[in-house]
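Reviewing the structure listed below.
Chain IDs A, B, C and D follow the sequence of writing; residue 1 opens each chain.
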Amino acid sequence: MSGLDDYKSTQKPAWCPGCGNFPILKTIKEALVELDIAPHQVLIVSGIGQASKLPHYMKCNTFNGLHGRTLPVATGARLANHEMLVIAVTGDGDCYGEGGNHLIHAIRRNINVKLFVHNNQIYGLTKGQASPTSMEGMVTKVQTFGVLSEQLNPLALAIALDCSFVARGFAGDTEYLKELMKAAIQHKGFSLLDILQPCVTFNKLNTFDWYRQRVYRIEPEYNPEDRIEAFKRSLEWEDRIPTGIVYKNNRPILEEKIPAIKDTPLVKQGFDFRTVKDLINKL
Amino acid sequence: MSGLDDYKSTQKPAWCPGCGNFPILKTIKEALVELDIAPHQVLIVSGIGQASKLPHYMKCNTFNGLHGRTLPVATGARLANHEMLVIAVTGDGDCYGEGGNHLIHAIRRNINVKLFVHNNQIYGLTKGQASPTSMEGMVTKVQTFGVLSEQLNPLALAIALDCSFVARGFAGDTEYLKELMKAAIQHKGFSLLDILQPCVTFNKLNTFDWYRQRVYRIEPEYNPEDRIEAFKRSLEWEDRIPTGIVYKNNRPILEEKIPAIKDTPLVKQGFDFRTVKDLINKL
Amino acid sequence: MDYSIKIGGEAGQGLQTIGDVLAQVFSKAGYHVFSHQDYESRIRGGHNFYQIRVADSPVMSSRERIDVIVALDHASIKLHKNELTKQGILIYDSETLKENIDDPAFLDIPFKRLAIEEGGNPITANTVATGAVIGMLNMDLSILNDLIKETFKKKGDAVVEGNIKAAKAGYEYSKNKCLKCSFSLEQSSKKPKILINGIEAIVLGALASGCKFYSAYPMTPSTGIMNSLASKAEEFGIVVEQAEDEIAAINMALGASFSGVRAMTGTSGGGFALMVEGLSLAGMTETPIVIAEGQRPGPATGLPTRTEQGDLLFVIHTAHGEFPRVVFAPGTPQQALYLTNKAFDLAEKYQIPALIVFDQYLADSQWTFENFNSDKLVYKDYRLRGKNFKALKEYKRHAFTPTGVTPLAVPGDSEHVVVTDSDEHDEEGHIIEDAPRRIKMTDKRLFKKLQNLKKEISQPTLYGSNKPEIILTGWGSTYGVIKETVDELNRQGKNASMLHFSEIYPFPESGNYLQLLNNAGMTVCIENNATRQLAKLMRAETGFKFKQRINRFDGRPFTVDYILRGLNVRS
Amino acid sequence: MDYSIKIGGEAGQGLQTIGDVLAQVFSKAGYHVFSHQDYESRIRGGHNFYQIRVADSPVMSSRERIDVIVALDHASIKLHKNELTKQGILIYDSETLKENIDDPAFLDIPFKRLAIEEGGNPITANTVATGAVIGMLNMDLSILNDLIKETFKKKGDAVVEGNIKAAKAGYEYSKNKCLKCSFSLEQSSKKPKILINGIEAIVLGALASGCKFYSAYPMTPSTGIMNSLASKAEEFGIVVEQAEDEIAAINMALGASFSGVRAMTGTSGGGFALMVEGLSLAGMTETPIVIAEGQRPGPATGLPTRTEQGDLLFVIHTAHGEFPRVVFAPGTPQQALYLTNKAFDLAEKYQIPALIVFDQYLADSQWTFENFNSDKLVYKDYRLRGKNFKALKEYKRHAFTPTGVTPLAVPGDSEHVVVTDSDEHDEEGHIIEDAPRRIKMTDKRLFKKLQNLKKEISQPTLYGSNKPEIILTGWGSTYGVIKETVDELNRQGKNASMLHFSEIYPFPESGNYLQLLNNAGMTVCIENNATRQLAKLMRAETGFKFKQRINRFDGRPFTVDYILRGLNVRS
């Protein structure tokens, strides 16, 4: 049994006091503990941004890579060792901006990676430019006339791509967030968990309060396997923002379809230098 | 009045005999002539691939750029001169593979660019690897166990992103294709026209016949402004493949929202060196 | 008179505002100012500082000894108190820090209490501190008051009034209490100076060159260019587009340039890495583009908010295939202005990519100048437009010409079409496969252009003696610190000069500078990197090998003292 | 005995099959073979050719004069007939080409008619042609028949039978009709040779090094690596993943490598441009990776199916920040095998990126070898795994060590976590901002490793005299053609040697080779590029400046004749 203490980090978070990343960090640790996963059994791959600093503030295998490239690293890591739980932690800029192409194709592959996007609807680390999820009209130093592009809807996008698991959480509702994290981890298939995460410093529009006034938990009767209903639900935003599992399906995962790793993870397979040498000698 | 002759190229197509690109080429010229657009009034931006060779085989302003980077070039070109009709011509690999991220964000911007994707469900120029739209199970030299990723559905993706105009054409139904091209060009907003284009050399699965047995023209009663219905329709594939305008809306275009170019295209605006010099002298 | 002031504190405490205001007050008072900043990659907390040097003769680097420290947090006291000069004073607010330090060099000023009592709002504490520094320096408050009025005008009279009162409170407190304060910056009668940092200078250069399109993705230390251009977009008729990634950024700029406007992008090393393919595209399609590359300590994400000169060989050699490019590395904001202008000019004249390489140190450092000479700026529209284009009987985008340069037509302006291609192409711009035309195109695109381009490149700057015994060589942002080191050496009776490269590629033709180097007894290459990149380039281009080298690669800029230590010379 | 055979035709006409089969027949018969290909970037049409040299002593380049031309289209006749040697014969099918040429050097063979009549299917026309060439050379048909059986086994007996008959028909036709044919390749009794091209050799090298993961995006001339590895994926337990783009390709490979398996990616210049940021990531995180970079004529898309050595300085200098890398440029398939193996070894031993730079010419060219010595291959698993990892009391991914190399642990194999970061980090792998640790990390990652890494690099190959008067220098794929030129020069009584660089970065320490160059009267640097990249690198690294240079940049490979012309020596 691993406990919360096992997940203690040696590092002090460099986040702003009150940042929505703190409750997410706390919740992820709790979820892992409750699922009885030890730190060395999980690999967190992250990119660059405030969200992506997360693995440093807990204890786990960590590949903190480049801005936008979280999913390819996670994909490679998981293909090489599919006994490892691989979680990709990124920001909205990282995942939906710089890394948008990888998101599309990770979903298509249905690699069994868990993607947690800290969606603060802003570029935090670079001091407040619009992100793909920023709302139209929001004024920033770069978007001096307000954001002109339509706000990206990650849930609708994922459903259109038939993503295996699509959910939304809120950093201000950690109890539910924990359930969603656990569900995402336990689901077999690529799982997107978009987490509404207030940035108290740069996003003065989408604050804790703003979200609190709008988010609701999806009703238990809801059937997340109905793609059309899921698509409809994913379009809600203005006044009511659904949180919960919006869509899921049971597509087979990539790891199981590749003959070379069907039986044993790649990293556990030996290499017989002798055979290859013989083969070469006999050419 | 421009005629078909004006669009004659000095180049001989390097496509395989019978390739689905030929009817598309012919149709695009006809559409432009019927809309009375002269060659110098249109800029075709393309990427790299068989489809992307198209502008060489007609007469028009041409920027034949990099693989996957068609839309950013088209976006920049159009922002600099929005009196020019800008058409982006690409392949499925180019646009949905290498260039996937640009597609997402071009749609969000709603830049008034026309995107024609020659979707042959294969990488033609590089000799037959799977593309994002290749069907699951198709065996190639690289996909030796068959394609393992889910086939990308460009229409569903575009609708999820609230793309301003979403249509599908078929290289084997040029009459209808011409109508769709004209509609795309005349629509005000980013227009995605996905064109089913048989690759007679490498795609032995999705042949002219295969498509002919499945495609149908969307019925006239259909309301393309209903996003949910559009999403449903976009999911049809196996037995019946809809062609026609699947979705459209009237989002304002980017060009009109940028104060600096509201009145005059950027390229038509002069630069007053004197004023800036004065300003600097007075610093 | 030459004082150094350091403001230290956590990110988010507002030390940058204090620094900015002080630097402005000094420059408006006609003093020479140099400032630099040191900050972490975080938004709140940690430890940052802002250092200002103010003097009555030109200054262009920071010193290691400080006269006035404004400590907003404990770390500033711990980390910097030993940097104080003999007459140095550290000011802090014991009530806020909840710590009272008994040190004759320390002056406890109740920033926050005065802010509440006088400014009417704890938020004015930094204004109290700013006023206190002005008081310590024996300046008068008028300039600060003017600045306050200007800055807070939009926030209403009450805010202006509160800040003016807060400033006064700090000012009087330090005037009365700082018995040890021996500084004096009496009101100089000199004309106010221009205070400008590297970013502002690059932006000014872009504006002065008729830049109409800027697409970029945020990345320190280049983000300031986008912010600044965005703030001026409406006034100057510029389209500023935040791209989805750096690949899009450069390709958009190329699209805009192809359409007929001057276009630019900016990024840092990691983002530039993503632009490499686009750079090659610019080379092949002969599309002009200006790229500002802000180096930062790498590899990868490295130390994102710090400084390094680690990308020189990268920017010169990167991209597949062979094509000409221009690389400038300005050493001062003034050079940044003129070289950005020259970059735009050469990019369009030769239809090539032109790069401006800078770093966080140059980006954030403020310098003062008397004025800028706008006659040194050039603007020539090399494009084939409107009736000139219409008048042509025929047009081929890549026609062979004696200079290799083919007039760059604006698509749509005439009935001729403009065709270009990333594949090897014929004169019209259509794909080819044959060898003879490939050779002719390479000759046009590469050799012919390069021949003239080389002549555009100025020789490196020589500062100091014409027959130096010691030559300190550098490139880019180290200009100021090397120059001051040379002054110091010469003050000590040595015969030293600076050789500074800012127009760095094509490498300046071997001229006088090579002879000087060969004749000098001591030749030192000074670089803010680990692998001695200029020294390598110099050897590749001229065969010359430096005898000594001083390299710094800890993410911090050089100081005169650091270089002197490297030379084993006491400071 | 030394014959050259050229098969010319349109893309899609099957000339590659004819060429492949002939090369195999010759090598199986024990002859020495060299072949190269020339093709356009299209799938059907245009003009391509395949050229084979077959001899009784080793051959490693193509000649410009041809003995047998198989012309499948008109262009082949027009473009190549003048290349015929005095005794040369061109064969063609006048019925198919609808053209009858009256030339004593031409032999009209009704490929198609014989295919229908004898092979039972017009599709066997190429087999007729193949048989005809075998007949002209006076070989017997047995090897070809065996090959046909092997190739068509899966298609059933009828197909095998048809092709055997077709081959026989062509064979007999030429035997009977080619009165002028004076060639003779009597069955040699020699042992069959290994016929292998550059791509196959790289793949073999990867397999022999325990490569377990390959992610890439298709791009000529590297696609063959992915195809070949994919075909062997199941047998050798390899995961081959086609990435959505090159950025994903390199990042996936890094993820796999981090997880504990040997990983590789491959691409061409334009795709590599997109990998530059990932390269820097490998450098910072000290993650081993092997990258095969297939150069092609640039800039940008350039001439996508042709050959060039234009990326040397690019691959050596690209990426932001400073970190060690290894760059190999094999000159032969044999070197490609061993150097790919060495790349995997060094990448893992030093935890750095290792690059194999090749080009279309090496990729497609087939060479023959007697055998490969597998004892020259190395395999050592440097990873910290299983119980060795478990046994540690503590683990820090980036701990400081005397060599700079920290054991690379497999995550999950013990309770210790493995942490790495693209930011500058501490020994554990966590983000840092301070100067002292930054300096120590640079020292570890860069200087310490580089010191030992340099010792791993072999000296360039010297071929020929130890005191040469003439030195022809090259790198990468020009090995064979330069070597043969040296032989020719020496045959003509000159004193020439070849100096060939294949382990090119870190540049081999100045040793004997520099002295040889300094002593030689004529030093020629031969490169398949325009800007003399090796010459520049040589000067930067050693100060040596070549006296002469021969450069070719039309997308075509060198021939001995071409170099001799460049040297002003008659061939």
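Observations, loosely collected:
To be clear about the criterion, contacts are C-beta pairs under 8 Å (C-beta built on N, C-alpha and C of every residue); 3 or more make two chains touch, one makes a residue touch a chain.
Please read all numbers here as calculations on a predicted model, not as lab measurements.
Farthest chain from chain A, judged by C-alpha centroids: D. Two chain pairs are in question, B-D and A-D; the one with more C-beta pairs in contact is A-D. Between the Cα centres of chain B and chain D there is a gap of 37 Å. Between the CA-based centres of chain B and chain C the separation comes to 41 Å, rounded to the whole angstrom.
The centroid of the Cα atoms in chain A and the matching centroid in chain B are 31 Å apart. Shown for chain C are the residues in touch with two or more other chains, namely 40-41, 46, 233-234, 244-245, 247, 270, 277, 281, 285, 300-301, 421-423, 431.
Chain contacts: chain A has residues 14, 48, 66, 97-98, 100-101, 104-105, 132, 145, 258-259 touching two or more partner chains.
Interface residues of chain C facing chain D in the complex, by the touch rule stated above, are 40-41, 46, 247, 268-270, 272-274, 276-277, 279-281, 283-285, 295-304, 306, 308, 310-311, 313-314, 316-323, 421-424, 431, 433, 435-436, 438-439, 442, 446-447, 529-531, 536-537, 539-540, 543, 545, 553-556. Chain D makes touch with chain A in their complex at residues 194, 196, 204, 207-208, 210, 212-213, 215, 233-234, 237-239, 241, 243-245, 247-249, 251-261, 263, 277-278, 281, 285, 371-372, 374-375, 377, 379, 381, 410-412, 414-423, 428-431.
Note for the complex: chain A touches chain B at residues 96-101, 104-105, 107-110, 132, 145, 148-153, 156-157, 159-162, 227-228, 231-232, 234-235, 251, 254, 257-259. On chain B, the positions that touch chain D within their shared complex are 14-17, 48, 50, 65-68, 97-98, 100, 123-127, 129-130, 132, 141-145, 201-202. Residues 10-11, 14, 38-41, 43, 45, 48, 53, 55-56, 59-66, 69, 71-81, 83-84, 101-102, 104-105, 258-261, 266-267, 269, 271, 273, 276-278, 280-281, 283 of chain B are the ones touching chain C in the complex.
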